[in-house]
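Take a look at the following structure, please.
All chains are identified by letter, namely A, B, C, D, E and F, in their written order; residue positions are counted from 1 within each chain.
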Amino acid sequence: MSQSRLSALTWREVRRAGERGIALLPIGSQEQHAGHLPMGTDTLLVEAVVDRALDVLGREDSAPELVRLPVLPFGHSPHHLFAAAVSLSAATLGAVLEEVLDSLAASGHRRVVVVNGHGGNDEVMRLAVKRFALRSPVTVAACSYWTLTAGEEEAGRPEVTPGHAGWFETSLMLAAHPELVRTPVPARASVEPPPLFDNPPYAGLTVERHGEWERVDGSTDDASDADAARGARLLDDRARGLARAIRAFDTATR
Amino acid sequence: MSQSRLSALTWREVRRAGERGIALLPIGSQEQHAGHLPMGTDTLLVEAVVDRALDVLGREDSAPELVRLPVLPFGHSPHHLFAAAVSLSAATLGAVLEEVLDSLAASGHRRVVVVNGHGGNDEVMRLAVKRFALRSPVTVAACSYWTLTAGEEEAGRPEVTPGHAGWFETSLMLAAHPELVRTPVPARASVEPPPLFDNPPYAGLTVERHGEWERVDGSTDDASDADAARGARLLDDRARGLARAIRAFDTATR
Amino acid sequence: MSQSRLSALTWREVRRAGERGIALLPIGSQEQHAGHLPMGTDTLLVEAVVDRALDVLGREDSAPELVRLPVLPFGHSPHHLFAAAVSLSAATLGAVLEEVLDSLAASGHRRVVVVNGHGGNDEVMRLAVKRFALRSPVTVAACSYWTLTAGEEEAGRPEVTPGHAGWFETSLMLAAHPELVRTPVPARASVEPPPLFDNPPYAGLTVERHGEWERVDGSTDDASDADAARGARLLDDRARGLARAIRAFDTATR
Amino acid sequence: MSQSRLSALTWREVRRAGERGIALLPIGSQEQHAGHLPMGTDTLLVEAVVDRALDVLGREDSAPELVRLPVLPFGHSPHHLFAAAVSLSAATLGAVLEEVLDSLAASGHRRVVVVNGHGGNDEVMRLAVKRFALRSPVTVAACSYWTLTAGEEEAGRPEVTPGHAGWFETSLMLAAHPELVRTPVPARASVEPPPLFDNPPYAGLTVERHGEWERVDGSTDDASDADAARGARLLDDRARGLARAIRAFDTATR
Amino acid sequence: MSQSRLSALTWREVRRAGERGIALLPIGSQEQHAGHLPMGTDTLLVEAVVDRALDVLGREDSAPELVRLPVLPFGHSPHHLFAAAVSLSAATLGAVLEEVLDSLAASGHRRVVVVNGHGGNDEVMRLAVKRFALRSPVTVAACSYWTLTAGEEEAGRPEVTPGHAGWFETSLMLAAHPELVRTPVPARASVEPPPLFDNPPYAGLTVERHGEWERVDGSTDDASDADAARGARLLDDRARGLARAIRAFDTATR
Amino acid sequence: MSQSRLSALTWREVRRAGERGIALLPIGSQEQHAGHLPMGTDTLLVEAVVDRALDVLGREDSAPELVRLPVLPFGHSPHHLFAAAVSLSAATLGAVLEEVLDSLAASGHRRVVVVNGHGGNDEVMRLAVKRFALRSPVTVAACSYWTLTAGEEEAGRPEVTPGHAGWFETSLMLAAHPELVRTPVPARASVEPPPLFDNPPYAGLTVERHGEWERVDGSTDDASDADAARGARLLDDRARGLARAIRAFDTATR
């Protein structure tokens, strides 16, 4: 069992790790998170989950060998460009992911897990891992950190998970980076109608309306009762969920 | 209330319909569906659902004005190129969708619904509608037909819906195009382990493994007990689901 | 001898047909055709010619094995975007054609015929088939349906063939889809000067002027005396021309 | 009346000329022309025709003001890459033409004539001028030099005009650049069957077969009886044809 | 005077900072650095220089307001793909830079400084900042950290600065991250001839030879006598150089 | 020893020359050069240097075999589009260079020298030759003509070399193409502050400011005392520098 950061390895160590290990690529964003959370929220949270998961695995016997790549700090956030986002287009983010993945394959890696911290990256990440597995003899997994749960103690509020800059993300940030949360978090007036992207008029239908993010002022739900303790439990649950998912991936693809 | 096909309208009629109507764009694929279903299955089924939904709406009062575009018969099927698929790349399919949507906006349409018949198109469709709504003053919906249900009588088997070339699609084809199903449908030997793309090792994880579609011989589940009567009910349920979703979209965006 | 539609075949049947057959790909457009013809005119006419040609060949002995693909209903019509066209850019149409052709080559097809229904697709189609034959071991033919003639009985008016939304296309539509022609077709006032794209100032010179299609109101010649009977003969002539061309192609490339 | 070369003008002179003049852009290729003609044949011939046409116009009263751009010496010759061609892809040649044309529009030019010396450039040139006229308030003409004729004395052999590296091009080169023709030109054995790209099996059908240029050894017809005197008359005829076409374009677009 | 990290700011704070501040974007790479330095060397060193420069400015009066972006940890390293690099293509890196810069302009930033840690990024960075300043009303600076010097005490060896994985970079890493340097650094046998990219045969000529990086085993000069103390002075000199450059940029563009 | 122009060779001669010779590709621009120099200045000067260098080598024993390609007359000049430049984008110029270089590799060339006449082409040229040497088994050199010097007699003014449309270029043009220089060259008023792109506020920093070229009226320094005799010496020095660089390249790569 071993863990390492790719940026700290020499190239021959990277090659050796690639032979039997699993590469972990976290991806985030820099985008508005209302008035109380920082631009880097998604990046900070995905790193928090990944590093906690590595800690969990590091305490276990016979965990798979893991090489963590540096987080990609920029994501696909065109819907937040009205509010200071630093955004890559879908084509560019897709190219970055494909080229990073191809580089890993070129250095001998055969197993990769991409862990995402930003909803807007989801489709691009899925397309990238599909294309990667078609052109290279690899097995690649992808997830958004909030979808994984250890499931032992449910502390969350599924109806607002993950949302954007609401109760869930704020609770996690209060646990992981309390110094970066502007408190007290003001109550958010209810927006009527709620945003169509978050509340489609029919189950199974995705709806996008021009100007919707501006209309709802950049968040999906009230964060004023976010809770550091529950955030810590939620974060821990996701970290243990990711750790288990990595083990399960290792077992299925060894 | 009125319904029409864009290909049958003159250009001034298209413009008039665009002012207050909803444009419907069905998209499909041409790809392998095991040994008993035809290449056009996804295209045929999405058209079956769309046309039945139009029939439902056509019998109702005050249904929204609808303009149905010709189905796009080719989709994103790189994972089936080993088996005679006619496939567009993600970039090309994305460009086709964006240019069709932009054309509709240029002719004055402000509301569009994309209805998809092929799982592999999903991410590309989602990215396309998101980008469209960001750059144009429109509201656009997207769905894959199997995710919509009227919910009144559940005749299906959720654990294999939609799958690929399995019980669900075969039942629907027996209802919609029985002459195109090669019967009797042979039983499919169980494949061990089941494909990772269909059975991820941990909930919330997407896994893609090189060569998996070839390994599992191109289908996800046994179709030998597919059933025309249940297929008819499932098809009808999806058609009524789509009809209701269109109404709900109309109400929410009028 | 056999004929089939690719969308109705299983993938193994497609592969078998590819070994010795010829794939037929019709391509059309959705674009303005003045006030009396529908948006789908080019698509409807190319399908009418292709299907009639298949009927001709189907009645003959020892005709080549043919696999007809679904028509591509969208073409390159940027010059008609001012009037509700649904248009693909040249780059995107080119990519669609190349990827469809590459898919056919991947499934073992060695002979393809592309039949075009829209003048604006011409250059893109020619580039696509040239590139295809350079990179793949195939023989590929391309034509626009109006350029082929059986030549036995000339019923047409070469000086307005094909034109756009004029006498030729209207006559054919009166024969193929009379229910879609808005009649009586109003007489078209002569436009002075006639459009430069249709009447270059010197033989051999192609001239494009900004805004010319708007200036001439979207058609090239008067269609008020279009004639269903002559349209039927012209359509039949093209269908027999295409049938002969396919036979000649088969003979030359067997 | 005035004529100038863009490369010899200062930028303010280019702007002034753009206000009422016509810009002339010759485009050529560097590609195999059998064993007796040089790689630059198409470039040399298009420049010969353009410069002779300018001489003709220079001797006339009230000819339009003309600004000749430097010839683009590289064209689209992928079919000759097997034989030392220096070739741009269609996408790149198209981009070059579009950006040169856009630059001219940006400097105030409203009328441009593109004169082509290489058959393989044809579709790319046509697409480029169409797109240019759609996005800019310009009028633009395009031609391949051999299609223009003054028509007064026909010295040619239409059945082999222009062909490739055959009687027509060799005769012109003997007139324009005799020192670059390797003589005696050897007789070319008849190739059976003749190349499909030059002899389609049915009128109106374009056919491209993999490997055809190699099979026919790079030329379309016998050049051993090429004739400098007839070449000079043909060249003069094309030059006067181009001069008249430019005048006609000027008149139609003034 | 103030300094901040973009990832820690709320979006309104980013906007306010953009009005009069300067955004700092560090870019690095993940690539082989021989057997003794880690993959992240360039990224670690550019961050070390940037953060020390911020410390210098932070201690001064009336320093400009600065917003530091997260480092881009991946660069353009195709020449190191043979040795486990994680590399973006020039097109993709260029797109990332352009989109990050455009995002900054969209959020109101008018002054940006890009600080580079990897020689292979140089041309891409220069093209990106040039294009940015052409299309946006901004002033943008770019530099590679080793080219800036405070010039007060020269501790370096210009003939091997920066080189690759040699004396200069190793000395800096011994100062900044000694725990990541594998010591003792083995002596490097002289390579004959030295690499053409580092030792062109004529002054002013750039020469690239296929396979040269492999031939010289991934480094340009001997690092066995690298020196932590001199590395600390060199690092400090670059940090103060960057601090002064930022002040000079601020003064020139205020 | 032999020298030739690619455009004058037959394709088999090109192939033979490629086996052991060196291909020379000059690239230029068409862009504003103030009020006294022509648009083609960069192209004319690079051709003057290349042809003089060929003359020098042609008089020497055992010079390498050289094949000179036609000059590319268009370059990357987006910063001069405000003043009638004919400019290719960086992407397009890069594609042209890569495709020309790939064509040379396909015809068997293993050694290429690119000689540049326009500063704006520099980064694009460097990227192109790097990529070329990575993907093909070639050695390729690149230079801008003004950076090479024989160094025997220094006649220049380094502080304004090359500048743009200033003393250096004007002196060279007075030597190479005096008929194209508008004389007397007017004195240029000093511009305060001088352009940031030419006078960065700190050594080692590149700075680009929006609108700077317009502000300084298109030139970098006063050309009124440009001098034909010194221009002739400078031109000769560069030509002999290029000749020596080619010999050194030949020796190093034989």
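Some points to look at:
Everything below uses one rule, namely that a contact is a pair of C-beta atoms (placed from the backbone, for glycine too) under 8 Å apart; a residue touches a chain by one contact, two chains touch by 3 or more.
Nothing here was measured: the structure is a model prediction, and the numbers come from that model.
Hopping across touching chains, the smallest step count from chain C to chain D is 1.
Counting steps between touching chains, the shortest path from chain E to chain F takes 1. The chains in contact with chain A as well as with chain E do not exist; no chain meets both. Think of it this way: of B-C, E-F or A-E, only one pair shares over half of the C-D contact pairs by residue number, and it is E-F.
Each chain gets one centre point, the mean of its Cα atoms, and the points for chain D and chain E are 49 Å apart. Centroid to centroid, with C-alpha atoms defining each point, chain D and chain F lie 28 Å apart. Contact with two or more other chains is made by residues 91 of chain B. In this entry the chains close into one ring whose order, counted from chain B toward chain C, is B, C, D, F, E, A. Here chain C touches chain B in the complex through residues 5-12, 14-15, 18, 30-40, 43-44, 69-74, 80-81, 83-89, 91-92, 95-96, 99-100, 103-104, 106-108, 180, 182, 218, going by the rule given at the top.
The touching residues of chain D, counted against chain C in their complex, run 78-79, 90-91, 122-124, 126-127, 129-134, 136-144, 147-149, 193, 196, 200-212, 241, 244-245, 248-249, 251-253.
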